[in-house]
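Going by the order they are written in, the chains are A, B, C and D; count residues from 1 in each one.
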């Protein structure tokens, strides 16, 4: 039985808390949030303690592991505090917006022998796992090209964007991680283009809403990522892996398999599951279970802080490439 | 070079005439229709002679074969006249509405050694051919069930229906032929249900607009056919063949492969090709070419007047079953 | 908080027990099975009591409702005992194999004012619910034809079949219920055909493995059902609802959305979820939750013992029709 | 009746010749090829004259238009000779491998008032036309991103590659044209990555086999193109157009709509139509008919030599970008 405390009672924190609470081999001990009322509501709902004091919770002997779902600028501090307190950590992405700070944190974690898993949930989606498995069995031969489509249903509020680190570090970072996961080889070069097609005023904060990135590995494998902060038809999440012996694709999820035929259109499928908490429900649940298993078995974390750092580095390179018009070496 | 005369310049006649005219190894010699103006228009368009005199055309030495696309009640007379004149015949379905008359005609054709192909065009659709080929290679093992969906976009005018012989003999007859083609074994029992869901006034002429038929072969294989005279989403033509080792299906055709994604629906395909002349363009062309090849090579006709008779017999059984509520032995 | 006891620790019982145990507003109190060890294993796993004594459990004041997943021939007895003990009942299908016994039981339940829900789980599948919802909003106009495809991956063992009541009462009964659910009008006539294509020896027990049934309502709406005890490609569960203004379909479920492209085939999807416990996971969970809600709110049961009786009646009619070759009035 | 001569009796020439010969409003007068035997075979088959003398054919008064399907390095010379002889021209892509030479040719064509259409056949595929039409009706709002997938079934022989101008000018040039066709706005910036994943020896001739290109327009719209000289699953030709109000996609073509279900895979579709002459049969036919119509009506050519030049310019930019690692201004 893994005893877990959750830090951060916001949108993503709620997902982790619910998964911990419904996992038969996990005991959700406490939910910590500086905004006490949110933690209290969630704690009451899930039948655990609420707290506004991270240090007190980290000091508890009956906490084996923590899930960090707080604002990005607190990730490193909390992660290190948890590691020093001997807790295993599942930390939300991105590890930080500053790669130097991320590097220092990783050095410290490794020095302390800390156990940290970075929460790139998409890797744990059943379709992603099946893609990886099929690649590993050699079904499509040698990978040549990976195409990642990643479009949000609607842009986040401006106040969120101001602290997000920009589209590459906040949104595309998931796709950079999936690129690494699917390519099976480190990208060494990044080329990016970035536009403001939804909201020209993003220029005020130096951000973009529509981007395309191409990655290249040493071997010459290629990966294309396209992102947009809004899609009229919903949350679009697709992967295509093209190899020497075949191709694999996944598709978006919908509430049911019902299809409609009328005079206007045939075989029309339902709207997409709207956003990440609906689309990646299974992924989040699998992620937590895999974290729990790794902690209890003492096996290596499937995604580490170094993976978080590497995705952040790709995001930095993409931003530099978009601003300079040059391919950037990773 | 096969020299062909067409009888009947109506809707289906036009399809055959165009296929004959564009077939590089066929010479369309004449178009015959009692309504002279239609034949003349079509003949002018395709660059051949027009006539209102069937006998004169059948007497021409430069005609090797005739295509009969006249009203049903003239099929037998024209077919026999053509056979007696030594012409090969491609005759539209149904062979006749009266099975006794069909039987007499077949006996006479066989006595004369006549060469008659019945125009069940759906057999020659590329998808039907592929289904048959896949069945023959044993891909799905032993056939257990066949499901045929056959819905027209809109009902024909009442004046057509009055002389049509009823839905089973006019419309479902195509599906009875496809059932025989796909099952590869004769049905021995027919059960049918018939309703008037579109036009209750069809009771006046003893006809129906919505029917379901189940067939059974001696071995116990089963076939379901559903027909409706109208479908809001267009001309629906689907086959499913379920065997001991797998299943095969075909799908409807659309103008292009474009799919649409909006907030209301995703992956929506185009409306169906509207009716048989658009849907079965390739089937009609293949049918004519196969007729031409068989005539010139002297090989057996792939669909004979006996096949036309058998489909008509199934239609008669279905009508009897619908009226009596009893399974009818074929 | 609904306090529930489960009767029957077999395959389906396990599904209900797990759903009850994981439902936050339900307390699974006891699992009852004459084979003590199975109940004990399951009870230990889910953290509740095990018993071999139905009467003792029915006498407990801390049990509000019972789920009956025992062999069919015990359904009526247990159901009535539970009703007399004042418990709400969720009972597996079929209500019984003998319609006279079912009718007596229903009369008694109604006399006692008992609360019984029959467990036709397929109604509660998300796709079934969406089909029903779309029909109710008038999306496809007036229903004309319903097509139900229902094929099991592999036949059950002979020992099961001997006590199953035959394919119509054991397997097709689900489809009869779905026909009623989707048609929205009672069938008044049944025509059926039945074959032994997998196992000719089923003749020894008077059973069949491959059947087709057509139903007709008073208004003339039609429904086709095809069933087979084995399908090489897995558990095939499809519904098609054709109306005056359009058509609705659902599709089978697969583990993920991954599609494969190779030289041999393109766009190939994964094998189907294998059987009912995987395919109808959500349906069983929704069913239990809807039962719980109805019991606690005191609202009418969405599926009653009468619905169970009606499906059984259709099964009896189908068997009679298959044996006599006559349409049977319901 | 348009009187046409064909130059070049190779693979693509044969397609154009067949389309001209079967077009009812076209008279195919002559086929010209320095290798006399190929032209003679084709001419005999299609019933027209053969020649090895381009000048003699251009001098014929009974030739209104010429189709140029000769090797690329003869395009400009033949095109200008034809224009000077007062003939309308349909010329295969690319216009030339040297953009300076293309510019000179265009200046001369325009000085002479010549009528030249460049044969970018993919624009005339029914799906491409439907995509363009749907964009024009505003169905998907403002275009944001276009994704073009373009993979050949197998690489051409080395001898072809040596004179091809390289993958960008030979293969991707079609995709550059489609990017312009779909974006509806000129790309102003090109970023490209190029690898040798199939044949490392392509380094000897400075060519690549696997490329990714991103384009950006002044407004900020983006287009991604991925190309590969080989795909195990066949000729892969897909377009995706993502706009502010929705998305459009087309799909590859297969011989029929048949789908297969087995224990290994479900819903598996047929292999793709293998290469351009099968995939783009309709496109080539439409292209010729549109050329004929424009010539006879005297209306503007739908694709001009300038369009050919612009695609070539994008190819040159892509090559420069791939070699320098810099975004290149068009």
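One rule holds in what follows: a contact is a pair of C-beta atoms (placed from the backbone, for glycine too) under 8 Å apart; a residue touches a chain by one contact, two chains touch by 3 or more.
Worth saying up front: this structure is predicted, and the values here are computed from it rather than measured.
The chains in contact with subunit A and with subunit C alike are B, D. Put simply, the chain farthest from subunit B by mean CA position is A. The distance from the centre of subunit A to the centre of subunit D, with each centre set as the mean of the Cα atoms, comes to 41 Å. Centroid to centroid, with C-alpha atoms defining each point, subunit A and subunit B lie 58 Å apart. Each of the following residues of subunit D touches two or more other chains: 140, 232-233, 245-247, 252, 260-263, 270. The touch graph of these protein chains is complete, with an edge between every pair of chains. Within the complex, the subunit A residues that touch subunit D are 140-142, 144-145, 147, 149, 151, 189, 191, 193, 195-198, 210-212, 214, 216, 219-222, 224, 226, 228, 230-233, 236, 242-247, 325-327.
Listing the residues of subunit C that touch subunit D in their complex gives 232-234, 252, 254, 260-272. On subunit D, the positions that touch subunit B within their shared complex are 22, 126-127, 129-131, 134, 139-140, 245-253, 255-263, 270.
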